[in-house]
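Chains: A, B, C and D, in written order; residue numbering restarts at 1 for each.
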Amino acid sequence: MLEELKKKVYEANMLLPKYNLVTFTWGNVSAIDREQGIFAIKPSGVEYDRLRPDDMVLVDLAGNKVEGEFNPSSDTPTHVELYKAFTQVGGVVHTHSSYATSWAQAGRGIPCYGTTHADYIYGEVPCVRCLSKEEIDEAYEKNTGVLITEYFKNMKKDPAAVPAVLCKNHGPFAWGKDAAEAVHNAVVLEEVAKMAYRTELINAEVMPAPQELQDKHYYRKHGENAYYGQG
Amino acid sequence: MLEELKKKVYEANMLLPKYNLVTFTWGNVSAIDREQGIFAIKPSGVEYDRLRPDDMVLVDLAGNKVEGEFNPSSDTPTHVELYKAFTQVGGVVHTHSSYATSWAQAGRGIPCYGTTHADYIYGEVPCVRCLSKEEIDEAYEKNTGVLITEYFKNMKKDPAAVPAVLCKNHGPFAWGKDAAEAVHNAVVLEEVAKMAYRTELINAEVMPAPQELQDKHYYRKHGENAYYGQG
Amino acid sequence: MLEELKKKVYEANMLLPKYNLVTFTWGNVSAIDREQGIFAIKPSGVEYDRLRPDDMVLVDLAGNKVEGEFNPSSDTPTHVELYKAFTQVGGVVHTHSSYATSWAQAGRGIPCYGTTHADYIYGEVPCVRCLSKEEIDEAYEKNTGVLITEYFKNMKKDPAAVPAVLCKNHGPFAWGKDAAEAVHNAVVLEEVAKMAYRTELINAEVMPAPQELQDKHYYRKHGENAYYGQG
Amino acid sequence: MLEELKKKVYEANMLLPKYNLVTFTWGNVSAIDREQGIFAIKPSGVEYDRLRPDDMVLVDLAGNKVEGEFNPSSDTPTHVELYKAFTQVGGVVHTHSSYATSWAQAGRGIPCYGTTHADYIYGEVPCVRCLSKEEIDEAYEKNTGVLITEYFKNMKKDPAAVPAVLCKNHGPFAWGKDAAEAVHNAVVLEEVAKMAYRTELINAEVMPAPQELQDKHYYRKHGENAYYGQG
């Protein structure tokens, strides 16, 4: 069932160690078949070098396992909420990548300091608050997803234009139109987090890039007037 | 004698260069057979790429060499003290891994800034004081172990929940139920030390993660209500 | 047409991932045939591991594509301006290399703190301002090149002695007598940017290297009295 | 002539890229045959992957080339001075390794913050001043060596106990009983420089390690009471 989707999710998960985004099993990628309302996700706690495409677990949007030998990632309820609210999103990734997680631990969003950021992410990468004790006790992973999606709704942020978020004291989630683009955005996020960290240490008074420069680079790559690449 | 134990200790030692935890010969792993009261440990000053399973040295809990061609690690008396006091511990590792050693040199424990830390280590990684001149002169390596174990006893810290410590101006020790888990915890420690360093440079006013979030992550992976992984 | 030039430009582009100067497709190298007034440049948005010598695009100094299956790099109009104004330059490279880009994001030129810098770059690596909204809207990439070349002209800087520049909130350009030397200078720039960053964190009051030391190292490698190497 | 020495110097030079101590050709190792008063050194500006044992250049202690197809390293006169004054030294290495060079650029010696440093280097790694314009003009490379050796003599430092130095705004030299030990000390220096940098960023008020701890670790590995390793 959904063999092609499982294969793509497997391949996207294997990109995480390739791009040095994970230590041990600290990350997971999923991707959804929107017609069937079912997504494939990495099993919980299985090492990357033992992973096979068939190990991917199929889950529906009620969070129920549909197929699979293993338990799905413990973060599965977060993925469910992101897929339910962000209806254009086809792939989701969670990592503890080192620089993005450091920003999350510091409780700060990542300002847009340059065109590397603006090429892929429109404006600051937001950092959402910690869950309260009640929210944690009730349903930690589900409420993490609810917090993220309500933040985007309340702040009128478009998840296609801001394809990543930091969870305070935890780490990043990123997404995209499919599993591969989600991982691509996770790599961009880590690189942007690294350069923003260094930027502030070089100039403690630094300000975000001018809005017109951010706009230029974002729209050079996105939307109907894009002219980057071979499209 | 204890061929299986020596093989596992050899393999765990070889993980240190794999995970970039050591330069040259600056690290050692041991593991104990609790029934016989004998542990296997890396020989002193032998390069990793020349190491063979049979080179592991067997030592008893009085610190006497039981078998082996080489001298055991010069840190052997520290391992002895840890095994004697931490009776649930099956493996011990010492490294000079770069970030953890930097915290040790700075004389500071590593605060728990996020879930990566809380997933494996309950609360701060403590940093114990330097030994006095008298303690150094009397028995440096033994007294290092005594200092660590008395600190845990006095502070009522459970070595299973806090599987690592920093020795001021020296470096880290980590442990676990066996040699492989000890090395796993040493890798976690180094990653956590790296991210805590960056976290403070991103936000000089940062506070540790809320206790309820630390509890959630620690108990998601440990104890009878754990639900991470395939257990 | 210009097969040899395309091959050299291809090879120089492939050095960017080798020297860890690029993530994904974030960089481009070109080189010019001065007799024909035509340069070869990387196509836009094509991944490095799919790139072949024949994919290089030929462009003239009016910015028109002369030959090639793909669109040239979106930064092509910047390369045009550099070749037009810097008539001794034979190769140009643009990257988002991490440390150099961090200085650009911080809006600061890189001071000459030592002989590693002075060996290849005479004095500070300048950081030019952001373009205005009008300059962006009119012709972003072209005006980036105009800004750089007018800065060098107004500041009486010799592009042979200062073979690199930072564009504020964007990233570095470097150049040289051919594509290989341009990439060599981009590698030097990244290393110099990394060490200058660390130098300031070690000593916040640091001053540039004495002028006589800068002169000694620069002229040890450049000009008629050079004596470094086998020349 | 001196084929064995040339082979060992070649092998030691090849360790520099292996241990990530050099970019391009920015480093050189030499070793001396004390009986003949001749040392072998890397040729100037030759790339590491083209280097062969026979390319090593033989030079006497008057600085004259005795044998070799190529010019010797431009730093040869510095090596001459070190061999003349440090009569127990058998190998010398110069690099622009990133962290040690950053300390040199910052104009600061590296304090002994821990046992990693104390295991191999007794006390601070000193940073000598820049040469004056007169000293540079007269004989830059020779006077660099004179400055280092006079510093050690005036400060009563034993080059066997302090096997490395930083030259302000330039970079490090290290040495040892032969070429291999010189490179070993250069690796230690880079690791120690990296950790000292991080140590100060973790604790701006940090003090050097207590003298008794430095003594313990240094004399655990050096002198007649050493007990580290298999000696």
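Operating definition for what follows: a residue touches a chain if its C-beta (ideal position, glycine included) is under 8 Å from a C-beta of that chain, and two chains touch if they have at least 3 such contacts.
These numbers were taken from a predicted model, which means no experiment stands behind them.
Undergrad: Starting at subunit B, what is the smallest number of hops through touching chains needed to reach subunit D?
TA: 1
Undergrad: Could you tell me which chains are in contact with subunit A and with subunit C alike?
TA: Correct list: empty, since no chain touches both.
Undergrad: Sort the other chains by how far their Cα centres are from that of subunit C and give me the top one.
TA: Greatest centre separation from subunit C goes to chain B.
Undergrad: With over half of the numbers shared counting as same, classify the subunit C/subunit D interface as same or different.
TA: different
Undergrad: In angstrom, rounded to a whole number, how far apart do the mean CA points of subunit B and subunit C lie?
TA: The answer is 47 Å.
Undergrad: When the centre of a chain is set as the mean of its C-alpha atoms, what distance in Å lies between subunit A and subunit B?
TA: 33
Undergrad: For subunit C, write out the residues touching at least two other chains, lowest number first.
TA: Residues 200-201 of subunit C touch two or more partner chains.
Undergrad: Which category does the touching pattern between chains fall into here: line, ring, star, complete, or other?
TA: Topology of the interface graph: a ring, with each chain touching two neighbours.
Undergrad: Which pairs of chains touch each other in this structure?
TA: A-B, A-C, B-D, C-D
Undergrad: Which stretch or stretches of subunit C touch subunit D in the complex?
TA: 113-116, 184, 187-188, 191, 194-196, 198-203, 206, 209-210, 212-213, 216, 220, 227-230
Undergrad: Mind listing the subunit B positions that touch subunit D in their complex?
TA: Result: residues 23-24, 26, 43-46, 70-71, 74, 96, 98-99, 101-108, 130-133, 136-137, 140, 169-171, 197, 200-201 of subunit B touch subunit D.
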